[in-house]
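Below are two complexes that have subunit A in common, paired first with subunit B and then with subunit C.
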Partner chain A sequence: MYGFEAMTFNIHGGYLEAIVRGYRAGLLTAADYNNLCQCETLDDIKMHLSATEYGPYLQNEPSPLHTTTIVEKCTLKLVDEYKHMLCQATEPLSTFLEYITYGHMIDNVVLIVTGTLHERDVQELLEKCHPLGMFDSIATLAVAQNMRELYRLVLVDTPLAPYFSECITSEDLDDMNIEIMRNTLYKAYLEDFYKFCQKLGGATAEIMSDLLAFEADRRAVNITINSIGTELTRDDRRKLYSNFGLLYPYGHEELAVCEDIDQVRGVMEKYPPYQSIFSKLSYGESQMLDKAFYEEEVKRLCLAFEQQFHYGVFFAYMRLREQEIRNLMWISECVAQNQKSRVHDSVVFIF
Partner chain B sequence: MDRFIDDLPPMDLMRSEKMMFVQLIIPVESAQRAVSYLGELGLLQFRDLNSDKSPFQRTFVNQVKRCGEMSRKLRFFKEQINKAGLQSSVHPVSGPDLDLEELEIQLAEHEHELIETNSNSEKLRQTYNELLEFKMVLQKAGGFLVSSNGHAVAEETELSENVYSMNDYADTASLLEQDIRAGPSNQSGLRFISGIICKSKVLRFERMLFRATRGNMLFNQAPADEEIMDPVTAEMVEKTIFVVFFSGEQARTKILKICEAFGANCYPVSEDLTKQRQIIREVLSRLSELEATLDAGIRHRNKALTSIGFHLTKWMNMVRREKAVYDTLNMLNFDVTKKCLVGEGWCPIFAKAQIQEVLQRATFDSNSQVGTIFHVMDSMESPPTYFRTNRFTNAFQEIVDAYGVARYQEANPAVYAVITFPFLFAVMFGDWGHGICLLLGALVLIAQERKLSNQMNLGIILSYFDARFFGSSLDIRQESEVILYLGARYQFVPQLIFLNSLFGYLSLLIIIKWCTGSQADLYHILLLLLATVAVPWMLFPKPFILRKLHTERFQGRTYGILGTSEMDLEVEPDSARQHHEDFNFSEIFVHQMIHSIEFVLGAVSNTASYLRLWALSLAHSELSTVFYEKVLLLAWGYDNLVIRLVGLAVFAFATAFILLMMETLSAFLHALRLHWVEFQNKFYHGDGYKFRPFSFALINDEED
Partner chain C sequence: MMEDQEEKGNAENGIGRQKQVKDEYLLQFLDSLDGYLTLLDSLSSTLSQGWLELASARHAMGASRINGALLDLKVHAAATSLKVSEQDVDSMESQPCFTLCKWASSDNGERSSGEEKSLSPQLRHRNNSQLSGIISSPQRQKSLSVFGVLVSPKLRSAQLSFERALETLVEIANLHTTMLSMFEQVHKELENTNG
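Here is the complex of A and B:
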């Protein structure tokens, strides 16, 4: 198919590509962030956002505002846009769009299961779930006692079912198990998504494999750092890495045996694209790593828009908006808690 | 000759209004009133002097926020009124005039009251729904239980222990919150849970129950007779009543959890028939009581909403105006003493007296000691374009503006479009009979103009008159005389010569032929020669003169000569200066060459483009003939009433939809094209910007 997408892409995908590029034009710019960072109160933030595309979503919110309201409403906008695109999409774009939400689905499953384990109220947990990762019987997750039941009762109906094949055990759920389950599911999800994109071929495969490989590598690094000093064995750790990406397979071997952050750094610096990320950090530091990764991701996502006739733009747009919402949440929190000096710590400018 | 020109009536539409740049220095105490008076007048466009500041850093940010909050409340009222199915009165009631503070307090009171009644009625509705559901569950589930009694005689005694005691029932609310005691605590017995769930979820619910109990359960369901109103969305929801039979304590907890997860409400049902009836009676009486309370609540709320509805339009207008005033005040700057606000903006020269009068009135009304200073300044920016149109000319001005807003004081093609647009439309439409049909349609639209308030109608209407009066006379080259190209001796004059010596001459020949009936041969060799000379004339001198001026300028010579040629280059003096600084001769020469080639080729191709006048009118007349002869006459030839009727129907359809609607559209589009492309590209820059005065009337229009 490669090389001929330009001829046929617009028959089904042209309209939505235009729509998504239009949505992208509505992302907040550096100037917006500069203004937002100067806000004194949440009302100021609302006032500034009312001049952006978030306006209609916030205008009917009574003062005083809360950070959660702002985030909720901004997410609602993303969800509305997503639903609009999903309604208009034909195969295989609709499947592609659905793939984008599976990550949230995994997070929601983990959130509810962990919450029930700590005996939180289900309704309260449901409110915390990401609306993109909702599925019909999500509330029933609370019924399940172990992995097997989780799968048999609820997840068998969801698209996550195939990813579960590797983590069906009869063990009772505990925090460690759940975390392993999250990562196993995520690994299976990323590999499946990767395969799906390869099947689509063309520019979509090219761009998405780059973006997903980055995602996989980032997860590998995070898993490594988070599992240092825990009871997770090297083999178990090794099993959680996705079987593609720049680090696969030799990097994974090395990461699996790392025992502190500087060793991770040593491994990663062998890979030129990640050198720049780690060169920004001082030795022994992992605090700013997230931000550095986010910045790199945003850069790559923006590049996806440089090419036409591929589905990567949809993925990139959703991710960029999510980053924007994270930024807004951080700014709002800083403003609400009077920590304006820290406002730049975690904000990633998109344009 | 000069006196003749002076005696002509002024052509207001030809050139945009003369504008001036003014500065206002308003004392703080009268600023709000002054700006709101100016808004009523609507003839001054303020310039944003704080464009570097974000909205919340401006002076009157609190007032803007308050207005935003008030309009949010008003939107809430409006939504509530619509939800309740009431009409907010369109004609504002003349109530006592409120100031903003009073209105703010009133709105807050109303909102508070409304939210309170809403939450009360929501609570009532909740209780009412629960009782209603309980009633339905009792009625339906009772049926299941009775029928299952036959099979499960053995269980009957056990189950009947679970009869609901009337003591518990005394308080319905506590009854409903109470844990559902399904069946006795006997571990082996068959127990049941009954409840109600949304119809859409039943299937998934049953499947989940089946899975969770590994099939050890019996699910009975029956649709509810009535729909139940969802208290949050106020929509009617269809529900289904279910009874699940199961055994074991573990299954019970699981099922209850699933019920909770699916939002199914469970209600206990007594096994004993007499008790059941008693409970039903009790529930029914409570239901009717609640119904009365609910109705009273709704009546009370509707009354409150109606009284709000009387003032709603007026309040909305008021808040909108106030917000606009503060937004405008935010564009002003404080002067050094902090006692005055300084504003800058554009206004037409004719409005000077009116504005001064308004400012004086504002000073007087607000008892200010100091008057507002109003004076004219020089500006580097080019002024906005402002045409004073009426309802008739506005339609044509809009057509031109859709292509591009005229540069300040540029010749306005709308003047010609007023005549030529309907004329060209008529030439292409060119049919008496259909023209009359269109005229009738247009008259209907005119009669309803106030209702539709669509001013574009007028433009179309005019064309029918022309369809009748002008017939299909052709004059192709009328626009060449219109070209008014200022300040370009080396472009306008040769272009004029070129166009007239070829096409003007052609037109002349046509007219002579009409008048005399014979082929005239005038001095065409000379004209051809002139045209040939005109081409290099428009190509070469201009870039070379520009280069000369540029070199002179760098030797520190005059700025004076530059003034004339600057006009063609760029409007804004700023950018013109920049243009000179990086002067690139080859670029300018290529630019000029492109322009010249475009003009010469365009002259030929644009002339050919006018052939569409002929083509469209021909197509129209041919199409009419075809429909008339091949459909109507053919059908009439038969002596069969059915065929005649079918033929008539097809003919009527074709006339209405193809000959009237479609052809109107195509003639309109082609007329549009002939104006935008063939006519306006000869002279029209269209790179100005519109005059947008601060005006309440415009703000109201936008909101509506």
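Here is the complex of A and C:
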């Protein structure tokens, strides 16, 4: 159907594909979530998670637990699994795995720069960074005053360097410039990742194109909704959308001029895959949109495992684990705040 | 005899008026106590809603975008301040009156154009909520900009909830002083009766 991947994939990728499918089997099930949703305290959650693969990471945590501790420890498990896969991978899989972490790298850069602008201690900011997005010179970000310095002093030697060409200016860093930088970097990263997957070809290109196009479309919708009523102009908004995806280019033209959620709905309902998402929402409401998008994403990620001999399973696994950690974070917050009736507002079941 | 009856009548009227005044103070005290308890309940549910919306925003935007490490430590004027003034009640005694000045910055001299809510229990001045929302919208967005310019609507809802909670707190403070003042009045009347 694609190429002769079935004949050659297992030479270099067979071991890791088997590993990642084993990891996938360890994802929490609906029964696990039902037990977790009935917990009364965070210690109950810890007790239930001790019977899962998260057990060794949480067992030594003292009471009283905090929700951020649970999220941190669960993230450590993901990081350990990722590092195991990365150290065993050969090209081009190793580059593919590195691409998966560039989004976290961008978030960490923006966190350090924003925190420094607000005169926060660098060590405190480093503790809040996502471990998958760390790089050696990240602490040096605190000395940069504008984007040119940011690039010249630190980022030129990182994988994010090629993404800076569109946003290098000598303007001082402020909240608006940082926001535009964040979204411009992410746009460049997604486009680069998309091109890389296209070059790989075969099942990887097919499956990853679909997943990355969905990511690009979701970002376009979120940027539109979040920028309603802000100082961001229509042109600036349009420049933040990625140049691929189902919505590119005509959907983007219409989204750029939307002034409220109902206009966004009107644009999105013209596209059949997104009609089902927006049909779950009532008019004027956007609270459940995130959950609807997450549910659609999980469906597509699970489908990636239905085929063999492609790299999409690695991307899908990382994203599913991140969704699981988001679920655990939400359940923990609802339990800690005594709002268990709201626990199903944001939990997305994976199986 | 006629004079005795007149004096007796006057005395009875006086006692009746005193009883009426005592009942009035008692009713005012009970009304303020009821309002106080209702506001406490409202505050609790508004704060719960605000915290859950904040958690929801964290869930949507990610922990790296919404965390305490991003809060601004630079010295800057408070976006919202509290004014305490003395208010004369019945020309007898003064009680403190708390007024919230929302989204007013003394740095750029726009204090008079800031939204001011006088929440004295006797007379309430409330700006039109839609108009005040439009007027203070840039300042409201500015205070959220520590988390970025493009933030989720859930974070904005959380901000509104905490704003409402702050207004409720000021109402509670004013009602509390009224309640204490009414309690003093009732106590005085009881002492006068017993004395």
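Everything below uses one rule, namely that the second predicted complex is superposed on the first by the 350 of 351 C-alpha atoms of A that agree within 3 Å, B and C clash if a C-alpha of one lies under 4 Å from a C-alpha of the other, contacts with A are read in each partner's own complex, and residues count from 1 in each chain.
Definition applied: a contact is a pair of C-beta atoms (placed from the backbone, for glycine too) under 8 Å apart; a residue touches a chain by one contact, two chains touch by 3 or more.
Model, not experiment: these values are computed from the prediction.
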| item | value |
| --- | --- |
| Combined model on subunit A: subunit C and subunit B, fit or clash | fit |
| Partner chain(s) touched by A:115 [first = subunit B, second = subunit C, both, neither] | second |
| Degrees between the directions from subunit A toward subunit B and toward subunit C, using C-alpha centres, nearest 10 | 110 |
| Which of subunit B and subunit C A:125 touches, first, second, both or neither | second |
| Which of subunit B and subunit C A:35 touches, first, second, both or neither | first |
| First, second, both or neither for A:59, with subunit B first and subunit C second | first |
| First, second, both or neither for A:329, with subunit B first and subunit C second | second |
| Touching partner for A:223 - first (subunit B), second (subunit C), both, neither | second |
| Contacts of A:345 with subunit B and subunit C, given as first, second, both or neither | second |
| Subunit A residues touched - subunit C or subunit B, whichever exceeds | C |
| Shortest CA-CA distance between subunit B and subunit C [superposed frame, angstrom] | 16 |
| Residues of subunit A at both interfaces, subunit B in one complex, subunit C in the other | none |
| Residue ranges of subunit C in contact with subunit A within the complex | 48, 51-52, 55-56, 58-60, 62-65, 67, 69-74, 137, 141, 145-146, 148-154 |
| Residue ranges of subunit B touching subunit A (in the complex, touch as defined) | 54-57, 61, 64-65, 68-69, 72, 75-76, 204, 208, 211-212, 254, 257-258, 260-263 |
| Subunit B-facing residues of subunit A, complex | 35, 38-40, 43-44, 47-48, 50-51, 59-63, 122, 136-137, 139-140, 142-143, 152-154 |
| Sites on subunit A touched by subunit C in the complex | 68, 71, 107-108, 110-111, 114-115, 118-120, 124-125, 127-130, 175-176, 178-179, 182-183, 222-223, 225-227, 229-232, 286-287, 290, 326, 329-330, 333-334, 337-339, 342, 345-346 |
